[in-house]
Amino acid sequence: MAPVFDYAPAPESRAIVDIAPSYGLFIDGEFVEAADGKVFKTVSPSTEEVLSEIAQAGSEDVDRAVKAARRAFEKWSALPGSERAKYLFRIARIIQERSRELAVLETLDNGKPIKETRDADLPLVAAHFFYYAGWADKLDHAGFGANPRPLGVAGQVIPWNFPLLMLAWKIAPALATGNTVVLKPAETTPLSALFFADICRQAGLPKGVVNILPGYGDTGAALVAHPDVNKVAFTGSTAVGKEIARTVAGTRKKLTLELGGKGANIVFDDAPIDQAVEGIVNGIFFNQGQVCCAGSRLLVQESIQDELLDSLKRRLSTLRLGDPLDKNTDIGAINSEEQLTRITSLVEQGEAEGAERWSPACELPESGYWFAPTLFTNVTQAHRIARDEIFGPVLSVLTFRTPDEAVAKANNTPYGLSAGIWTEKGSRILAVANKLRAGVVWSNTFNKFDPTSPFGGYKESGFGREGGRHGLEAYLDV
Amino acid sequence: MPSSALTAAHPLKDVTASDSALRRFLHGLPGVDAVGLEGRAASLGTRSIKTTAKAYAIDLAISMVDLTTLEGADTPGKVRALGAKAVKPDPTDRTTPSTAAVCVYPDMVAVAKEAVAGSGVKVASVATSFPAGRAPLTVKLADVREAVAAGADEIDMVIDRGAFLAGRYLKVYDEITAVKEACGTSARLKVIFETGELSTYDNIRRASWLGMLAGADFIKTSTGKVAVNATPANTLLMLEAVRDFRAQTGIQVGVKPAGGIRTSKDAIKFLVLVNETVGEDWLDNHWFRFGASSLLNDLLMQRQKLATGRYSGPDYVTVD
Amino acid sequence: MSEKSEQQRLSVFKTYKLYVGGKFPRSESGRVYEVTTKTSAADAAGKGKWLANAPLSSRKDARDAVVAARKAFGGWSGATAYNRGQVLYRVAEMLEGRRDQFVREVADAEGLSKSKAAVVVDATIDRWVWYAGWTDKIAQVVGGGNPVAGPFFNLSSPEPTGVVAVLAPQESSFLGLVSVLAPVIATGNTAVVVASEKSPLPALSLAEVLATSDVPGGVVNVLSGRTAEIATPLAAHQDVNAIDLAGADEVLAKELEIAAADNLKRVLRPQPVDYTETPGIDRMTAFLETKTVWHPTGSLGASGSSY
């Protein structure tokens, strides 16, 4: 009959966000230049357009920020919890008010689809502050004994995959418990943290309670190593996490690490297939697979492999890749050239090792960093693509025959962050969930997050939990 | 057009050989996780359909409407007005497509047929003691035959939900095949499950397969007479069923959500479900319909807004 | 009276051995070292009285102990909490029966009077009872349902970390040892214990009690020897999940913590502890992971209505 039902472009308006040509470091309530005057550029990964020029914090700036946080700590920690709570409630509300602006900003700086920043990142950010705000005056009842004390100055280093959400996971519990913070956002996504600094200003947060230091790995290393930091919280790669663990060895710094993963998504033959397909897609293509808890290994029962893969491929063919600001985009840009190179190299190794590569027909934009949704079949446990965290839109498909084998393969990794189980048999869900060595298990769903739900890994995926009552422990002297 | 019935040689024919075989088959279909299904339907509901795509979708939706009146108070005058509206939905704009059909009770078929004569608009008739379906089979079949004899192009039957919920699947199957036979070669058969009464998604999936195995040309959500009618989730589920059925049998079956779809925005969400679940093969009023009455006017107002750039109002569309 | 009775009876010495995988091997290295009574400050110059030759464990003994602990982990962590509680209580029962022996050994090991040693042994027995009661309660205290904003049932439960290397306190050879060991196994971990270097005998004797207390072989493995020598391979071992550094001095603790980073072991740093006080739950939670499981709930179904 008619032409195809192509969706016309539906771009979210960029006018809602006003990005300044340059930003300073946020120390002691002021935006300041780096001591050595260094700056770096942050680009939009979908277009390679330079968005802004950012001051790059050096060790002198780290020292300045830690001192500011130390000065602020005395008063902040002495505030009644109910007052700290109100600051956090204010922040939560301002985030809600400015959420569309922040969503567009995050999409520009990170490259992820507006659909995700609008419907996942920002609602979770506000919810996280709202949740921990309520804890601030109830710490006596949190199960850590009476009058638990804050640790002091928290040095926090966050990644680029969920810039503002990871900031919320770090800052909200730290402030609720009476700590002050120095936070280093990732070098490719500093903007939302700097906008957050402005939100702190609007909320009237006392100066020095939150300090934001954009920079590269060396800035983070200086922060972690600073002798007057009492608490280190890091989300990022396992390699860096180990380095940080060595750095804080022999000190009294409390450490929590949220690191890499190679999550198994296990599909049994009695799974709700259509929902499983959605869960697999969500598990590995949410945020272009740049998710530490991604379901990057699909373990499918051999008896339904063909049927499932057919459905999966058909579904992948409907994914819409392109302009992240378009409201209908499912797959956005890879965050950086460096990350794209890593993904490309691991995928090439996968092919070289004999796994079978498949991608749907998919046109990639000419500028920016892009990678088509990719699926590998004929993968074995020995392949690098089954063991290394790719951190991209690449799914490795393995098979199993029995629940025992599924569990053994799922656990056969140094990581232990997430896993998924798909079956309609309730007892099997519970039995398998019980045997999986992973901090978060999703049964008949995947990649669900909530401020009340503790998140964190087993084994080399790190230690400590973020979210829920458990998340308070990392910031209390208990 | 592929035949809408399974040949005797098709392997799936065996599953209807006995009550127990049918039961085993239907209960062996993959389960449905309600939260996941609703989540997927909701996420497709966030698609943003703008400008040219929206214009296309609105015209497509108008062309898919089964413009319906199913009231005890229906009169020939009311049905004639409905017929006129179906043929020319917007008298001020001749480029507006006709609806797919008008949908009436069996005793109004002849009137409706006359009202749409020569327009290409089909006449659909509910039958089988719609909406409850609680009548002897002989009565239901007579109902169907009368409607067909009066010229109905399409028959919208209701299944025996009581038998289905009691697990007597073969009875439901036999009734559908009997109705299908009564439709002959001239009328296409839409099978209404009354999904709100089947209640669970597992039941809706089973009913979908049962209906398709029995020769349904369309599977349809609801009568519009119960609390919960068409929803994005139950329609998505039925779309998955027709997709899978075609993959296994080569037979394409249409889908008709009915009841509760009142706005253009809703209709477009359903078209997105179709587009992303079964694709363009179903984006045609031969394979997808909206059972609706008030929806049409909202589609027309949106159409006028797109054409003129101003918002329209209820005084600028006809009330019938 | 016969002549024989006037002569003092020659006692039978005990050969102290390691405890690995439920068996009592000697060190694979064949080495032993001399264990003496603790000397008080007053006669610090002098040497204590010879008590026994204890096995001087090697890195290979540590390796074997880890294998045994890993093998035991599935069964022990999979046992019901009630069962683990009964087993731990059984340890207390068995200790009570050998109370006199431990009073003597602790007195020798720690330079205490019999009466003071008896207080220590009683406290140690009671500590097993305390942890026996915790096995089926800790999950309720630190786990629970999370009220997520969506149609999901979401539950967090604690799970044991795995194989834990435990460097027992150097001074408190028995109460301190049990205070660090019992919380580790109460929650389902298995342990490789490095006994107090100078006072390993109470630990080695405890192994004999564990072996007869329904504690499955491999759940607790006890090594004696030089703490640094045994702890170093344990801290670096990729199949050890956590390490309690209670018995390490500051310099060793830092080295071990650095080595432990290689596979991101959970590290409990040494800290001043008064082992006579009732412990909190910290030593249990230090070696617990939190697993959070999401289950969709959804509605019972769409509700229809009749006409």
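Lettered A, B and C in written order, each chain numbered from 1.
The working rule: a residue touches a chain if its C-beta (ideal position, glycine included) is under 8 Å from a C-beta of that chain, and two chains touch if they have at least 3 such contacts.
As the structure is a prediction and not an experimental result, all values here were calculated from the model.
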Open item on the list: Using only Cα atoms to place each chain's centre, name the chain farthest from subunit C.
Closed with: B
- [ ] Look at the interfaces A-B and B-C and say which one is made up of more C-beta pairs in contact.
- [x] A-B
Task: Rounded Å distance, subunit A centre to subunit C centre (Cα mean) - done: 37
Task: For subunit A paired with subunit B, centre-to-centre distance based on mean C-alpha positions, whole Å - done: 44
Open item on the list: Taking the mean of the CA coordinates per chain, how far is subunit B from subunit C in Å?
Closed with: 69
Open item on the list: Going by the contact rule already set, what residues in subunit A reach two or more other chains?
Closed with: 444-445
Open item on the list: By the touch rule stated above, which residues of subunit B touch at least two different other chains?
Closed with: 33, 35-36
Task: Two or more partner chains touched - positions in subunit C - done: 152, 296
TODO: Could you please specify the touching residues of subunit C with respect to subunit B in the complex?
DONE: 151-152, 296-307
Task: For the subunit A and subunit B complex, residues of the former touching the latter - done: 1-10, 115, 119, 270-275, 278-279, 318, 327-328, 424, 444-445
Open item on the list: With touch defined as at the start, can you tell me which subunit A residues reach subunit C in the complex?
Closed with: 127, 143, 145, 238, 241-243, 245-246, 249-250, 252, 257, 259, 414, 429, 433, 436, 438-445, 448, 450, 452-456, 458-460, 462-463, 465, 468-470, 478
Open item on the list: Which stretch or stretches of subunit B touch subunit A in the complex?
Closed with: 30-33, 35-37, 39-40, 46-54, 56-57, 60, 237, 240, 271, 275-276, 280, 283-284
Open item on the list: With touch defined as at the start, can you tell me which subunit B residues reach subunit C in the complex?
Closed with: 33-36, 38, 131-132, 194-201, 225-228, 231, 234
